[in-house]
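Written below as structure tokens is the structure these notes are about.
A, B, C and D are the chain letters, set down in written order, and residue numbers restart from 1 in every chain.
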Amino acid sequence: MAMDVETLEDSRHHRYVLNMGPQHPSTHGVLRILLELEGEYAMELLPVLGYGHRCHEKIAEHKPVKSFMPNTARMDYLGALIYNHGYAHLLEKAAGVEVPERAEYIRVITSELNRIQSHLLWYGAYLLDLGAFTPIMYAFDDREHILDILEDVTGSRLTYCYFRVGGVSKDIDDKFVTSTRAFIKRLRSRFPMYEDLVNGNIILQKRLNDVGELTPQLCARYGVTGPLLRGTGVDYDMRRAEPYSIYPQFDFEIPTETKGDCMASFLVRFREMEQSLRIIEQALDGLPEGPVMAAKVPKKLKIPAGDYNASVEAPRGELSYYLVSDGSDVPYRLKVRTPSYSNLSVVPEMCQGMLLSDVVSAMGALDLVIPEIDR
Amino acid sequence: MDINQVKKQWQTLSTTIEDIDYAVSGHDYNICLERDKVRDFATLMLEEGFYLVDLMAVHVTPAIEVVYQFAHFETRCRVLARAFVDDNSEIATIADIYQGANWHEREARDLHGVVFVDHPYLFPLILAEEDVDLKPLLKKEGTLKDIDAVRRKPPEPAPEPKTKVKPEGAEAKPEAAKSQEQS
Amino acid sequence: MEIFYSILPDLIRMVVCAVCGAAIVFGNALVMGYAERKLAGHIMLRPGPMEVGFHGVYQLVVDGLKLMGKQLVVPKNADRPLFMLAPLLAFAPVFVPLLVIPFSDKIQGFDLDIGLLVILALASINLLAILIGGWSSNNKYSLFGAFRAVSQNVAYEIPMLLSLLSIIFMTNTFSLKGVVAAQSPVWFIVIQPLAFLIYLVAIVAETNRAPFDLPEAESELTAGFHTEYAGMSFSLFVLGEYANMFIVCSVATVFFLGGSSGIPLPYFEYSGIIWFLLKVYLLMFFLIWIRWTYPRTRFDQLMNFCWKYLIPFSLVNLIITVVMVKLL
Amino acid sequence: MKSYFSELFTGAWSLILGLKVTIKALFTPIVTCQYPREKLEITPNYRGHIDLVKFADTGTHKCITCGSCMRDCPSDCIVVDGEKREGVKGKALTVFTLDFTKCSLCGACVEVCPTKALDYSNEYELAGYAREDFHYDLLKRVEERE
């Protein structure tokens, strides 16, 4: 429901500015968006960031590479393990540490559980943005099972610091395996319920169809990745495009849609949960025995000089760590490319000429995690 | 996308195009650009269907280095392009070619003070307005290193991609860095 | 003096009615507030209020006391008199429609010939209150909420009226008692199911409840027209909203569900009121139920739905009714 | 015209399906836990703040005051100090404090400890009136513990 921008160009004096945020229910954190409105149509959008910036990149330059691991979890509190994974992957690549196979399996299982958890929270919160109150409680009910499973093995519920350079900090046990299998069964049985309650709902479809359309070209110009990009028909997933860890061993699909609107990314995320379940199932079946930590990881991890990059697929898109090392054990420069940052930058173009309600649904479809943007 | 074709076009813009080992560094190509070629390079990359992964600045001597990372949706091709800013910390913007660069450039301006010439809206993004001159990620005297200290060393005899850290190699580098500091 | 004695019964009746009306408004708000929170809780697989009293039955009383104790904040640069007037205006008119509602064949304040018109006329005042409240708050979100409320209510009053009108054509009276009396063999829901459905959708929009709660859409407009209201002035809006729900559901009961008719309970002369309240609260339960099920519609879709579906259907329904009435 | 009606009916059906889900949920037992009244059993693997382990055989902790945890802590929230005492081999522990307000629960201290003297506690109900409430004296805690 976009209004013709051209015809309104000369009527700027009718416009006024609405401050959405920093405290607004649907900005999911301290994000502020200045909306220049024409009636209820948002003609210009200007996101204002930096309210919760924690200078992680500066902190990284002041301590040994290994000590930065807990900080990665604080950047994206929903995909903490995947952020752990990316960072561990970067250091292992840079320092040439071999990871035992069992550790990689555990990493994949827990990362995928983390991804489902993130998607479930997004699912609930997005529906809350759209005005449905109940789905978030059902999604949290499922999500709570994941948190319990992960708490049992990692020890924390949200900001995990579980992966280490060269493995994981704790081995999983039979209880983990059985409860994960039980969870897979449970979530599968819940999908039809979600379909009935939410996905098929005519109101939801009307709200999401043809709203916030993206094209692959637009995504390339803004660096939009993740489910939003896959919603435009590009099957770009770091797990497949630049395989890391043991993902090539698993048989899973990359869900894509073609329209590129909010409904497309909605469905892509929803189907990704099923694919993650498939990966977990295969990983549980093939779980090898063995150590979970590399035998020899130097206490002081020195990274040879040069620059290193590790990209993983976070729940929201491509996460890249870029490390410039001067040969010491402290990074010379560490840059984290967070998916939400690039995804949010598309908002001014994506939401131009939209109704205020559509701005909310388009923003929700981005699945923003503000600490990831203000990292 | 035909990589050889693209490579030929890169060669018209840059003389130093390195093939690097993806398994070690996570990049396929390392391209050093003159700063007046940055816009041409970005235009070329956009035409070839690359997307902008990241844009950042690294503070080294002789000048701040701006690093562009590109990747492709269809084939694995990670490109690292770098260019130095000029004496006034200025470099041409690519925000009108890759709109996603807009925010990255504003961030680099906040954190390193790199001025992107002709940027549509070079307003502080992360810092508050009054902290514009803070430039928090600039290295202090003593920690600032030369560009050669943070460059990958040429592959020493038999460089296997997945080996343990070589202690002698690791120790040799800080010394090089130290000598840079002293100079 | 004689005049006084002649109008005394009416006066007493009025006072009694006013007291009963107030009791209904506050009692209804307590029941509905509790029911809504409890039902919402159980739909979401959580218990809802549990702390105050057995299963939290006193929760609403405590909440009311808390709201009364809160400071009335008037925002800077707000239009103070209008800002204070709006909640009163939302709350005050809800007593009058209660007077004409026939709770049973014996319990009714006044049986006016124009009963329905009284209700519809006074129901519109609530809208004015929302507009004044949103306008005077000096807040853009409130203003949006107010504008949305006005256009939405004006649009949805048409199908609501048209659906009721088809009943009026069948009964030839605006008196609510007359409408109830006309349903003695079959309720009008059987004869006029389409009108009932249209009315049901229209009242969801009229009472600004989800999925049509656009005036207060909290994820878009923070809290819509009552963003700036706190304490008692906020609770007056809520009281008015619940009372309005009660009124529109009563009208639905009177017009479609046979009013107070039902199987007479033994040993109880006034069993009609029990049936009446049962039907009203069944409808209210439905309103709560759909509120906690659906996402919110978008504004243009809401209007489209009204103009593209509800109004044509109710017009067709009306024409068919008129033709049938003429023929039979 | 056909799509007009088909949309109406499919839409209405989808709404009815939604109502079916919620009415079923209304009669399903609740899944939440009324927290302060009832508590779920916490997993023994839960990682609260660190604590010195009390060993049954010696009746005390096994800290040798090496300071590895202090050095490895990324947020500098551990302070360890010891003194030389007569008849005790090595240093005796005198100070072991944790500033939990800065701790990020990474577990580096527990993993680096050469004598496995540190472990995570199971405390999760943390609330205080001042940030000093979270400056724990772990030595005192281990002595007071049963």
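Here, a residue touches a chain if its C-beta (ideal position, glycine included) is under 8 Å from a C-beta of that chain, and two chains touch if they have at least 3 such contacts.
Computed from a prediction, not measured in an experiment: that's the story for all the values here.
Common neighbours of subunit A and subunit D under the contact rule above are C.
Set side by side, the interfaces C-D and A-C show unequal numbers of C-beta pairs in contact, with more at A-C.
Ranked by how far their CA centres sit from the centre of subunit B, the chains are topped by C.
Subunit B and subunit C, compared by their mean Cα positions, are separated by 64 Å.
Between the CA-based centres of subunit C and subunit D the separation comes to 50 Å, rounded to the whole angstrom. Centres computed as Cα averages put subunit A at a distance of 44 Å from subunit C. With centres defined as mean CA coordinates, subunit D is found 40 Å away from subunit B. For subunit D, residues that reach two or more other chains under the stated contact definition are 15, 18, 21-22, 25, 31. For subunit B, no residue reaches two or more other chains under the stated contact definition. Each of residues 43-46, 292-294 in subunit C touches at least two other chains.
Here, these are the chain pairs in contact: A-B, A-C, A-D, C-D. Across the interface of their complex, subunit C is touched by residues 4, 8, 15, 18-19, 21-23, 25-32, 34 of subunit D.
Of all residues in subunit D, those touching subunit A in their complex are 7, 10-12, 14-15, 17-18, 20-22, 25, 31, 43, 45-47, 72, 74, 104-108, 111, 120.
Residue ranges of subunit C in contact with subunit A, taken from their complex: 40, 43-46, 140-141, 144, 210-211, 213, 217-222, 292-301. Residue ranges on subunit B touching subunit A, taken from their complex, read 23-27, 46, 49-54, 56, 58-59, 67, 69, 71, 73-74, 76, 78, 80, 97-100, 102-103, 111, 124-128, 136-137, 145, 149-153, 161-166, 169-170, 172-174, 176-177.
Residues of subunit A that touch subunit C in their complex: 1, 16, 18, 24-26, 40, 127-134, 137-138, 141, 197-198, 201, 203-204, 206-207, 355-358, 360.
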